[in-house]
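Both complexes below contain chain A, partnered by chain B and then by chain C.
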Partner chain A sequence: MPGPSTAGMTRRERYEAQQKRRSALIAATSTVTVVAALYFLVPLAPGWAKVQQSFFNGEVLIKTFPKLLDAFRINVMIFAWSAPAIAVLGLLIALARDAKSPALFPLRIFGAAFTDVFRGVPVILTVYLIGFGIPGLGLPRPWNSPYIWGSLALILTYSAYVAEIFRSGIDSVHHSQRAAALSLGLSERQVMRDVVLPQAIRNVVPSQMNMLIALQKDVSLLSFIGPVEIFRQAGVFKSLLANFTPYVGAAIIFLVVTIPATRYADHLMARQMRERR
Partner chain B sequence: MPKLDLRGVVKQFGDHMVCNGIDLVVEEGQMVCLIGASGAGKSTLLRCINLLEPIEDGAIYLDGQDISVPGLNPQSVRARIGIVFQSFNLFPHMTALENVMLAPRRVRGQSRAQLLPEVKALFERFGLADRMNKYPDQLSGGQQQRVAIVRALAMKPEVMLFDEITSALDPQLVGEVLDVLLMLKGQGMTMVMATHEMGFARQAADKVCFLKDGRIVEEGPPQSIFETPTQDATQRFLARALK
Partner chain C sequence: MSRMLSIAVASIALSSAAHAQGDCAAGKTLTDGKFTVATGNPAYYPWVLDDAPEKGEGFEAAVAFAVAEEMGFDASDVVWVRSSFDEAIQPGAKSFDVNIQQYSITPERDQVVDFSAPYYTAPMAVLVGANATGTEATLEALKGLQWGAVGSTTAVPKLAGVIQPDSDPLLYGDNADVNAAIIANQIDAALFDLPTALYLSAVVVEGSKVIGQFPADPDDNPDQFGMLLEEGNPLKTCIDAALASLSESGKLAAIEAKWLQDTTGVPLIR
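Now for the complex of A and B:
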């Protein structure tokens, strides 16, 4: 039944428009059904009243939210100084592992050992070992601060992963680019700096975005060695109010940050896939 | 003394003999065309001359100096010998202008301001003046290849090598690139090119070498190679190539 809006359409366009309407209708119906089912069925569960009371308590949420937001600033702060350090150290490790000169052989070994060790140990263990171990040496204030050593643990762990991503980026630059640069008389070092690295870094931006998102979440692991960041703050409220809602509040705050970031990373990734084709 | 003198050049990839004892003399200002089927060793030979590939045996002399001595710093040699590749290999993260200025800036330490007038002149000479600030992906294949040639010329090389530089181009773009080569020939540039453009080789080359299985089977002025080839292999190749 071609309406007035479909007047100028070709046969094919009419067919596709119809299919599109059909798909939208089905998607809407199915979404409404699933949401309605959840909305009506979940409260029928025997423990729902208790769960709602202890996890989704509006009063508690409103009361604790500002403080949680406040504590989240600690997360942001630790993230803000760790991320650049990770980028720099990760790049240095990646370059060290690709060093060709025999004089730099120890660096290569070191780079390999570094990535093996820090990728092989759970983050929380590294946080514990460094965060408790180094201040245990009896360092004077402020050098015994868990902020410093906890951040260092994150920096070391994440640098190992970030270094591997940089290396894959370096490998992804076609060898003909290297040949072209060398043929102009550039040195190996200049080829790396001016030709390979700029392309390599651009190629791995989406992957590194994902590492940043993971880091933002893992900052919370530092709560185990002292800093009262958002997860720890939520824990304090939980004990105080005998209610788990602050954890949900913390989760909401994380999501507000991570969802746009994840979407953006996906967008970059998709664009890159299109460009490669 | 010849500009470029190759004596018994051998290049192997594993068990595969790519160049199997190649002798080639290129005089100053000559244009030498290497022809032959794909895999005959033309490209590899050019890469050896530019020291992008080390040779197993034989020697390569540039102005009488052995540039194939193991351990020689290849940078100074490469700055004297330009090469242009089939796939352009422009740096995609730089504009055409930056592509061209990179090597003179880094290798010769010249500043952008110093370089700009002469680089601009190069762009103008090759009909690319309005393309200087474009990125490679904003240029046509023919334009990209001409920028690649300008990039090599900016180092003021004494010899230019061309590795099938028109093979990746649409037929209607081949002409504009070959015109550039004629222009360079007119200026007395010494050139060695691997090519499948038989018409061009016949018209422009001073010497044509037919390669097969890593050897120069036959060489001589274009008339004799194209009109009176003496070797069976050359005759068979040309019969197919000129069909």
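Now for the complex of A and C:
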């Protein structure tokens, strides 16, 4: 079917366009088939009516969604103050592990111990131990707030991961660059600050995006020590209404935030790959 | 000493003729003319005072005597024995007519043993940490506290609906976490059912106090305590009738007020 746009195309171009249309058609057909199969077959399962009633209940969703959204503000708040702290602490730990001077050896040991401990302990344990343990020492209010100490637990755990990523970024800058900068008369500090770090940080931005996404979800672990964020709020609704739909509602809110973030991280990663080639 | 005395009293009573009693329980008890009641070993405050149920002091001791009286037994016809909690809820023959030691009526237990009608419905009570023990038992004073609760319980709607605290409550996964938060002074107060609250304040959370209780509310999905009987025991109908008439006459409520509000010092919240 030669339309106006095909005019002036070579035979090869026409062939390629045809192939492209063909594969698009196949992809569309197969997708529609799969979706239709899911849409028509899943409801045939004997338990579907019950599952739909307790997991995908529109009435419950409408009733609980505004409150869930409200509770999600607490997640955003905790995320907003934890993320910068994690970036700073993670970078400091990475630098500590990279310290070259023999006098700073204790710093390297500290950095290594820090990453070992906080990467090795499940986040929820750290949240419990710090969230209840430190306030239990007898701090006065408001300094014993679960928001403060729970956030600290997240910050410690995540900076351990983030530090390792920064370190891999620092290692990815070739040694010859350091040597060259040193030979130009820059000090060790200047080399790190002006030559290595700018490249290192740029190299690890996509990986750090993934950490941000993970952090965004792990903020919910603070619900174990008191804050009524979205996961706890959904749990309260679940108990009150004996219905799991609020959890699905919470999942939707999470997805609305994380899917664009994940796509953006993928995009950054792809761009980086192109630049490296 | 009192224990020996009671055994002595019981054996004397055994040798004498059976007292007059209501028709219902006749021939249905373990020993004719006697009403054998088991309780915990030891039995705890405020359910039984001083581990001496035969004195009739403490809520459950008083209830047992009241039920006995209602069925036509004299106080001297009530024989006390002891049993462990777990041993009594196993299936099989029993060494008692009824066992009274805070047995929550659950469907699972009901399959292997029988329960009387509930003699107690656990109300919600307020447990406060060491820093808030001076709080008055009024809704007004309770509003100002920092509250905590287990997120999956009816304490949450109760808080939001009845107390309406000034600051948002913190919610936790289970009782242990709520206790940890009270100990860490992150929250002032938490809602538990009264028996749990009394236990926590006496044993688990140092310096804490139960400052008030709400009237029992069936919407709270509360624990209900029943007397435990052997499966199929015909005495159950007599016990249920006695409890029904006690609650109708207000005697049961008076016993509860005396031993679970006045004695424990946990007033009703106004």
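Quick note on the criterion: the second predicted complex is superposed on the first by the 272 of 277 C-alpha atoms of A that agree within 3 Å, B and C clash if a C-alpha of one lies under 4 Å from a C-alpha of the other, contacts with A are read in each partner's own complex, and residues count from 1 in each chain.
The criterion applied here is as follows: a residue touches a chain if its C-beta (ideal position, glycine included) is under 8 Å from a C-beta of that chain, and two chains touch if they have at least 3 such contacts.
Bear in mind that the values here come from a model prediction, so they are computed numbers and not experimental data.
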Q) When the two structures are superposed on chain A, do chain B and chain C clash or fit side by side? A) fit
Q | Included angle at chain A between vectors to chain C and chain B, based on C-alpha centres and rounded to the nearest 10 degrees | A | 150
(Q) Output check: A:141 vs chain B and chain C. Expected answer is one of first, second, both, neither. What do you get? (A) second
Q) Of the two partner chains, chain B (first) and chain C (second), which one does A:185 touch, if any: first, second, both, or neither? A) first
(Q) Per the contact definition in the header, classify A:198: touching chain B only (first), chain C only (second), both, or neither. (A) first
Q: State whether A:176 touches chain B only (first), chain C only (second), both chains, or neither.
A: first
**Q.** chain C versus chain B, contacts on chain A by residue
**A.** C
Q | Closest Cα approach, chain C to chain B, once both complexes are overlaid on chain A (Å) | A | 48
**Q.** Set intersection of chain A contacts, chain C complex versus chain B complex
**A.** none
(Q) If we count contacts the way the header does, which residues on chain A are in touch with chain B in the complex? (A) 176-177, 179-187, 190, 194-195, 198-199, 202
Q. Which part of chain C faces chain A closely enough to touch in the complex?
A. 148, 151-153, 156-157, 168-173, 177, 180-181, 183-187
Q: State the interface residues of chain B toward chain A in the complex, per the touch definition above.
A: 47, 50, 52, 74-76, 78-79, 82-83, 85, 87, 89-93, 102-103, 106-107, 148, 151-152, 155
Q. Across the complex, what residues on chain A touch chain C?
A. 132, 135-136, 138-141, 144-146, 223-228, 232, 235-236, 238-240
